[in-house]
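What follows is a set of notes on a single structure, which appears directly below.
Naming follows writing order (A, B and C), and every chain is counted from residue 1.
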Amino acid sequence: MTIAALDLDLEVFQGPFDLLLTLVLKEEIDLLEVDLAEVVLAYVEHLDWAGELDLEAATEFLVLIAALLELKSRLMLPADEEPGLELEPQQAADELLARMLEYHRYRGAARHLHELLAAEQGFRYRSAPLPPALRRVSIEAAERAYEPERLASAIGELLRAPAPLDLRHVRRPAVSLEQRLRHLRGLLARRSRFSFDEAVGDSDRLTEAVTLFALLELYKAGEAEWEQEVPFGPITVRATP
Amino acid sequence: MNTLARTVEALLFLSSEPVSAERLADACEVSEAEVIEALARLREHYAEGFRGVVLREVAGGFTLATDPVAERAARRLLAKPRTPPLTQAQAECLAIVAYLQPVSRPELARIRGVASESAVGTLLDRGLIEESGRSRFGAVLYRTTELFEKLFGLSGLDALPDPARFDPTPEEEGELRERLLRAGDQRAQGPLR
Amino acid sequence: MNTLARTVEALLFLSSEPVSAERLADACEVSEAEVIEALARLREHYAEGFRGVVLREVAGGFTLATDPVAERAARRLLAKPRTPPLTQAQAECLAIVAYLQPVSRPELARIRGVASESAVGTLLDRGLIEESGRSRFGAVLYRTTELFEKLFGLSGLDALPDPARFDPTPEEEGELRERLLRAGDQRAQGPLR
């Protein structure tokens, strides 16, 4: 299964992961309302169930969830923090408690509404059109009741195309594990040893990360080994003799 | 009244069209004979001259209808137009019909990016819009009514406010329809695939 | 049933919205007291549990509805599902709007602790809440609609129970406070920030 099809059941959304992503990007779902921990849990559960780690999918998932987390944290941080507004723990707790009590009340009220609605489930109302003889209302009895401005503003809102999206934060991995494996195997075939820096050239960090994954895979498969003499020093890769 | 008769009564109440005994039987999951028996019981309850609603057999089906005794009161009740505040969906549908008329339901849906059945139904019911023939493709077309102009205090359709005022990028007036459709498509599809 | 009761029955049958006693009296050209008397007679006829149709008092008016006994058959005949249930987020937003109306979106977010855009959007789409002007600070205010009262079987907003009824008990409150203070202390002292 690809990550795109990962089935989610969240408070604000039910469906595959990639639809969630689309809706978030189209701003039809507010990212602030998406419980990302739940998304991660769903993924972990999926891993549990699948019984094996699909590296390709894991990479994709990590990149996407990290981007979503970053985007969400930006949304959540106040634009500019005013210094000196920090509350003492006692004060903060009091305020939080007051909020929680208020929320508790409306959560209870919400439960009550649920019950009301459930009790109403069997009742249906008639919505048949009026018999033609009665359909005409008397124009004489009609008085001005609405503002024409309402129509103009309604059509104005419809005219507004959605703003172009800023996609910088969320990006589908442009590089696949398979590609990087092929790249490394190519290098190994041509040269007995090379440095990791050479292997990645000046690619972006994502490519670097996926190349490292690929290297781990090769090591696991017994195709390559590597050494690094000092921390942060150059990594030398060579074919397993 | 037994449960079946009660159920049949409820079904006739909900249906805006006459319903055949066959369809009633199917909905109630009983035989047609049982439905006919239940209808006979109902008929006793709805004997003409005793109730405000009567049971009629028309066009191969059964239906409930009001007794003529209520005609005058019904006219009085319904003659005065109802003018509860418009919901956003209703205002949008009404605006589209007002500015683009005649306009078809698929076009409305395309511009709004969502189906608009119930809003259109309410506007029809309240007499703010009405049918005005069919499009080339057979879709019902809508236009605003005289009542609409009266309720909005408009001397005519050309008295509608200029939509450009609410639009950050005013363009040629004649392009309104195309621009609405384009914006609607963008809303419906989004750039990400 | 007398003529007035019959007429009232017919009016309720025709009207798609609940009708107040006042409007019924006006349509029937009688006093409100007479209409209330006629409604009492009707109520006998429509006593719950005996008929397929029941008389209900919702959204400040009277209306006829089918008895739940017919729900299964109605679904089969009309193939229309019932109103979908509310999600937790939607129910919470609706509860806050119902009790505090008119209420703004920031206020909703403050009480729930999370932004509530999509829940509010759905409630607007479903016609359960509507805009009702702007606050002093320019935020859109929301209130519940007649449809809300109708779908939730409320005779009016005052039929909602006192919200204090949902407050936690003093013990629960004490426990909450203690847990919070403990967490606050840990944050103030501990190395983790």
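Throughout what follows, a contact is a pair of C-beta atoms (placed from the backbone, for glycine too) under 8 Å apart; a residue touches a chain by one contact, two chains touch by 3 or more.
Here the structure is a predicted model, which is why all the values come from computation and not from measurement.
Taking the CA centroid of subunit B as reference, the farthest chain centroid is that of A. When each chain is reduced to the mean of its CA atoms, the one lying nearest the mean of all protein CA atoms is C. Separating the CA-averaged centres of subunit B and subunit C is a span of 23 Å. Each chain gets a centre from the mean of its Cα atoms; for subunit A and subunit B, those two points are 39 Å apart. Subunit A and subunit C have Cα centroids separated by 33 Å. Shared interface positions of subunit B, i.e. residues touching 2 or more other chains, are given as 10, 13-15, 66, 74, 78, 88, 125. Residue positions 124, 126-128, 130-131, 134 of subunit A each touch two or more of the other chains. Residues of subunit C that touch subunit B in their complex: 1, 3, 5-11, 13-17, 19, 23-24, 26-29, 50-53, 64, 66-67, 69-70, 73-74, 76-78, 124-125, 127, 130-131, 145-146. Across the complex, subunit A meets subunit C through its residues 11-12, 28-30, 32-33, 89-90, 92-93, 96-97, 99-114, 116-128, 130-131, 134. Against subunit A, the residues of subunit C that register as touching in their complex are 13-14, 16, 54, 56, 63-71, 74, 82-83, 85-89, 91-92, 94-96, 98-99, 110-119, 150-154, 160-161, 163-168, 173, 176-177, 180-181, 183-185, 187-188.
Of all residues in subunit A, those touching subunit B in their complex are 21-22, 25-26, 124, 126-131, 134-139, 141-162, 164-165, 167.
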